[in-house]
Amino acid sequence: MVKSVPAWLRILSVVFVALTALILLAPLIVVVGVSVSESQFIAFPPNGLSLRWYSQVLSSNAYLGAGWISIQIALMVTGFATLIGGAAAIAIHRRQLPFSDVLATVFLSPLVLPTIIYAIGMLMFWSSAFGPVSPVTLALSHTIIALPYVVRTTLAVLAESNPYLEEAARTMGANRLQRLWFVVVPQCIPGLAAGAFFAFNISFDEAVLSLFLRGPTLTTLPVQIYGQLEFSPDPSVAAVSTIMIALTIVLIFVIDRMLGLTKFASA
Amino acid sequence: MANVRLTSIQKSFAKTAVLHSISLDIASGEFISLLGASGCGKTTLLRIVAGLESVTAGAVEIDGRDVTGLPPEKRDIAMMFQSYALLPHLSVAENVRFPLRMRGIGNREEQAERVKAALETVQLGHLSERKPRQLSGGQQQRVALARAIVSKPKVLLLDEPLSNLDARLREDMQVELIEIHQRLGLTTIFVTHDQEEALSLSDRIVLLNAGRVEQEGTPAQIYSQPATGFASNFIGSANLLPAEIFEGPDGPVARFADGQALALARTETARGAVTVALRQEDLSLSAEGNGPRAKVRTRVFLGARNRYVMSLAGQPLRALTANDLDFADGQEVSLAIDPARVRIIRD
Amino acid sequence: MNDRMENLLLALPGLLLLVLAFFLPIGQMLVLSVTGPEGPLAPFVRFLSDPYYLGILWRTVRLSLLITLICGAIGFPLAYIMTKVGPRLRLWLVVMVILPLMTSVVVRTFGWMVLLSRSGLIPEMLRDMGLVGRNFALMQTETAIVIGMVQVLLPFMALSILGVLTRIDGRLEEAARTMGCSFLQTIRTVVLPLALPGIVAGSLLCFTLSASAFITPNLLGGTRIQVLAASIYKSVTATPDWPFAAAQAVILFAGIALVLVPYIKMTGARNG
C-alpha cells in the first residue's frame, strides 16, 4: 500500500507530520525552556541555565499547598470513579435491568454536557443546598466527569470477554458473590486500570470545575497556575508547569507499559 | 453418578415454543447424545438440565431429587461449553481447581491432588502453570474437560465441545471422551449437530427436530432403522425419493415418477405413495446393469471416495463410490442396492 | 436476592451520585435561569437584546466553526498517516497526540502566551522576516485564540477519526486501487466516506468544547475579546449575577443541543 503512494505526497506527509508535531508540542517545549531560564522574566529561548525556579517552587507554600490538594483530590476521584463506574459498567453490561440502554446513556451523559455549564449548576446548587464547597465537593464533581471514561473503558473490556464465563462459574458451584469477585471483576481489571488513569489525569489537570468551586483553602494546581497567568506570570509558573508535564510523561510511560498506549488512545 | 429424569419439559421464549413436552429417562452412567440441527432446541434442553434456563412447564430430576427450581450452582453438575469458557486470568491448575474451591471440596492438599489427577487424565500435567491463552485450542479443550470432571459431578453436560477443533483433533478427542467415560462412568449428556460424533460416542441417541423428539435409540437402531424422513435424511444423509409401491411379479416394487422401478424386499408391506430413502453409501453404480438408470450430473472427488451427483426422475440423487469408478458427466448409469437396505417411509 | 436486585445495587451508587451531583444541579440551574428576581425570562431578554452580548455569541459561533474546520483539516490527514505507518512510528505519533491531550489546558495555554507575546518567538520571527510591521501583535487577538484552541482540540479530532479509520478494512483501499482508482481518488471515494462518522463525531466534540472553552480564550484573547463561556465566568465571579450566568449557560446549552441532537438522532436510528 505504502509503495503505491506518489512520491510527492510522501514528502508532503513528512513535512505535514513535522509541522503538526511542532504545533502540538511547541507550547510544552517552550514551557520547559522558560523553566530553566536564569532570567527574572519569562523569556524563550531561555537565557542561561538554572534550576533556581524549581527551588523557588519547592519552597513556595502556595504551590506546595495547591499541589497537595490536587493530589488528594485526584486520588479521591480515582477511587470514587473506578469503584462507582466499574460497578455501574458491570450492571450495564449484564443487560438484566429493564432499562439497561437508558442506564448507559445516563452514565455517559456528563461527557456531552460542557463542563462550564455543569460547573455553574454545581456551584449554585451545592452552595444553596449544602453550604460552602469542600475538597470532597470538588472531588465528587470531578468524579462525575471522570465517570463516563471508567464506564466506557470497563464496558469495552467486558464486551470482549467470553460471555459464558459467569454461566460456567455457576455450573462450577460459584454463588452470586463468588461470581462477581472471582469471575467478573478480574475480567474488568484492564478497563478499570485504564479508567483509573483517565480519572487521575482528568482530575489532576481539570481547571474549569476547580475554578468555579475554588475557595480560599481550596485551590488546585491548575487554578493556582491560572491565577498566576492572569496577573503576574514569572518563570516559577513554568517550573510548576514543567513538573506537571513530567508527571504526564511518567503517566504515559506507565500506561504504555501496563496497557499499551495505542489501545488506550482508542478507548 | 446419578440418573436424570426429564418429565414433559416445555420451554417458550417470548411466546415462541422451542421445546414441546420432552420426556427423557437417562440411566446412571449412560452416555446420551442430543442430536439435531441448529435451532432444534438441543442446547436449550441441556441448559435446562444445567439450570441455566428455567422451564415453562415440566420437571427435572437428578438422582431422584427434583431440582427444577434449583439454580445451577446448587445442582451437582459440570458443564463444558462450546467456547470452553476458561477463566483467562487463572492458570490451568487454578481453572481446574475452581469448582473445588467454589464448592468447598477438600482442603488445599486434597484439591491439589485432584487437580493433578484430573490434568493427568487429559494428559496436560506438564502445562498446569500456563495461562489459557498460551494453549492451543485442543489443549484448552482438555483443560475444560479436566475442569468438568475434577469435582466428580453427578451429571456431565457437554455442549458441542468438539465443534471448534479441526478434524484430526476431533477424532483424537472422541477416543479420549470414550475412554474417560468408561473409566469414570459419569452420566453424560452430549449435545451435537454432528451425526458421526453422536454415532461413535453414545450409548443412546435422542434425535431432536423443531423442539420434539424425532426418534431415540441406540446408534445402531438410529442408523439402520430411521423412523421418519427427517431421521433418515439427517443420519447418513439419505436420498429421499417419492415413489409408489406396486405388487410386481417378483414381490413389491417401488415405481418412481418417470416409471422406472426398484425391487424391494419381499417382506415390505407398504403399498401406495411413499418416500423411498436410499443411503449414499449403500448405492452401487455400474455402466451396464438392469436397475433404474440415473444420469450423472457431476462428480466430486473426496480423496478416498467419489461422490456422484445424478438425477433420477427429476430428483437429485447422490452416491458415494470407490474413487476408481469413472463415469463421464451426462452418462447414464445403472443403480443397484440391497433390497434390505432400502427404507420405506410411509407418507 | 435476584439478578435484577444485584445489578440495581451495583448501579445504585453511581445513580445516586449522578442524581445528587449532576442532574439536580443542572435542573436547578435551568429553573434559576427563568425565575430571576427581575421577572421570568428577564435575563434572556437582556442577553438577546444587547448588541454587545449578541456580538459575543456571534464571535463564539464563528471562532468555534473556524477552529473545528482547521482541526478537521489537520486531524484527518494526521489520523490517516497514523494508520499507515509502522507500529513504532505510530506509537511516537500517538505520544505526540496524547502528551498535549493529557497536559493541563492551563499549562499549554501558558506556552502559547510565551510564544505569541509581543516579544515572543513567533511575532519576532514574523517581524524579522519582514512579513509584518513593527506594531504587529498576536496576543489579545482572535488569531491567538484560534491558534491556542486548535492545539488544545486537535488531539480530540485526530483520535476520533483514528478510532474509525483503524476499523476500516485495509483491503478496501487495495481493492479500489486494483479497480483503477488513483491514490487520491481512493482517499476521496473510499476512505473519506468510511471515515465520515469519525469526522462528524470529532467535529461535534471540537465544536462543543471550543464553544464552551474560556480558559484559553481568556488568557490569549484578554478581557477585550470575550467569548460566551468567558462572559459566563465573568457573570459568576466578577459581578455575581447568577440568574444571568444561568441564562447564558442555557443559551450555550441550547446552541450545542441544536448541533448535537440531530447527530444523536441520526446515530441512534442507525444503531437501533
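Remarks
Labels for the chains are A, B and C, by order of writing; each one numbers its residues from 1.
Convention: contacts are C-beta pairs under 8 Å (C-beta built on N, C-alpha and C of every residue); 3 or more make two chains touch, one makes a residue touch a chain.
Quick caveat: nothing in here was measured; it's all calculated off a predicted structure.
The chain pair A-B and the chain pair A-C differ in C-beta contact count, and the higher one is A-C. The chain with its Cα centre farthest from the Cα centre of chain B is C. Taking the mean of the C-alpha atoms as each chain's centre, chain B and chain C sit 59 Å apart. The distance from the centre of chain A to the centre of chain B, each centre being the mean of the chain's C-alpha atoms, comes to 55 Å. The distance from the centre of chain A to the centre of chain C, each centre being the mean of the chain's C-alpha atoms, comes to 17 Å. Across the interface of their complex, chain A is touched by residues 50-52, 71-74, 77-79, 81, 83, 85, 87-90, 98-99, 102-103, 147, 151, 157 of chain B.
Remark: chain A residues 1-2, 4-6, 9, 13, 16-17, 20-21, 23-31, 34, 42, 44-45, 80, 83-85, 87-88, 90-92, 94, 96-98, 103, 106-107, 109-110, 112-118, 120-126, 128, 140-141, 143-144, 147, 176, 180, 201, 204-208, 211-212, 221-222, 225-226, 229-230, 233, 237-238, 241, 244-245, 248-249, 251-252, 256, 261-262, 264-266 touch chain C in the complex. Within the complex, the chain C residues that touch chain A are 1, 3-4, 6-8, 10-11, 13-15, 17-18, 21-22, 24-26, 28-29, 32, 74, 77-78, 81, 84, 87, 90-91, 93-100, 102-115, 117, 120-121, 150-151, 154-155, 159, 162-163, 166, 170, 173-174, 177, 183, 208-209, 211-212, 214-215, 218-219, 229, 232-233, 236, 242, 245-246, 249, 252-253, 256, 260. Residue ranges of chain A in contact with chain B, taken from their complex: 161-162, 164-165, 167-175, 178, 182-183, 186-187, 189.
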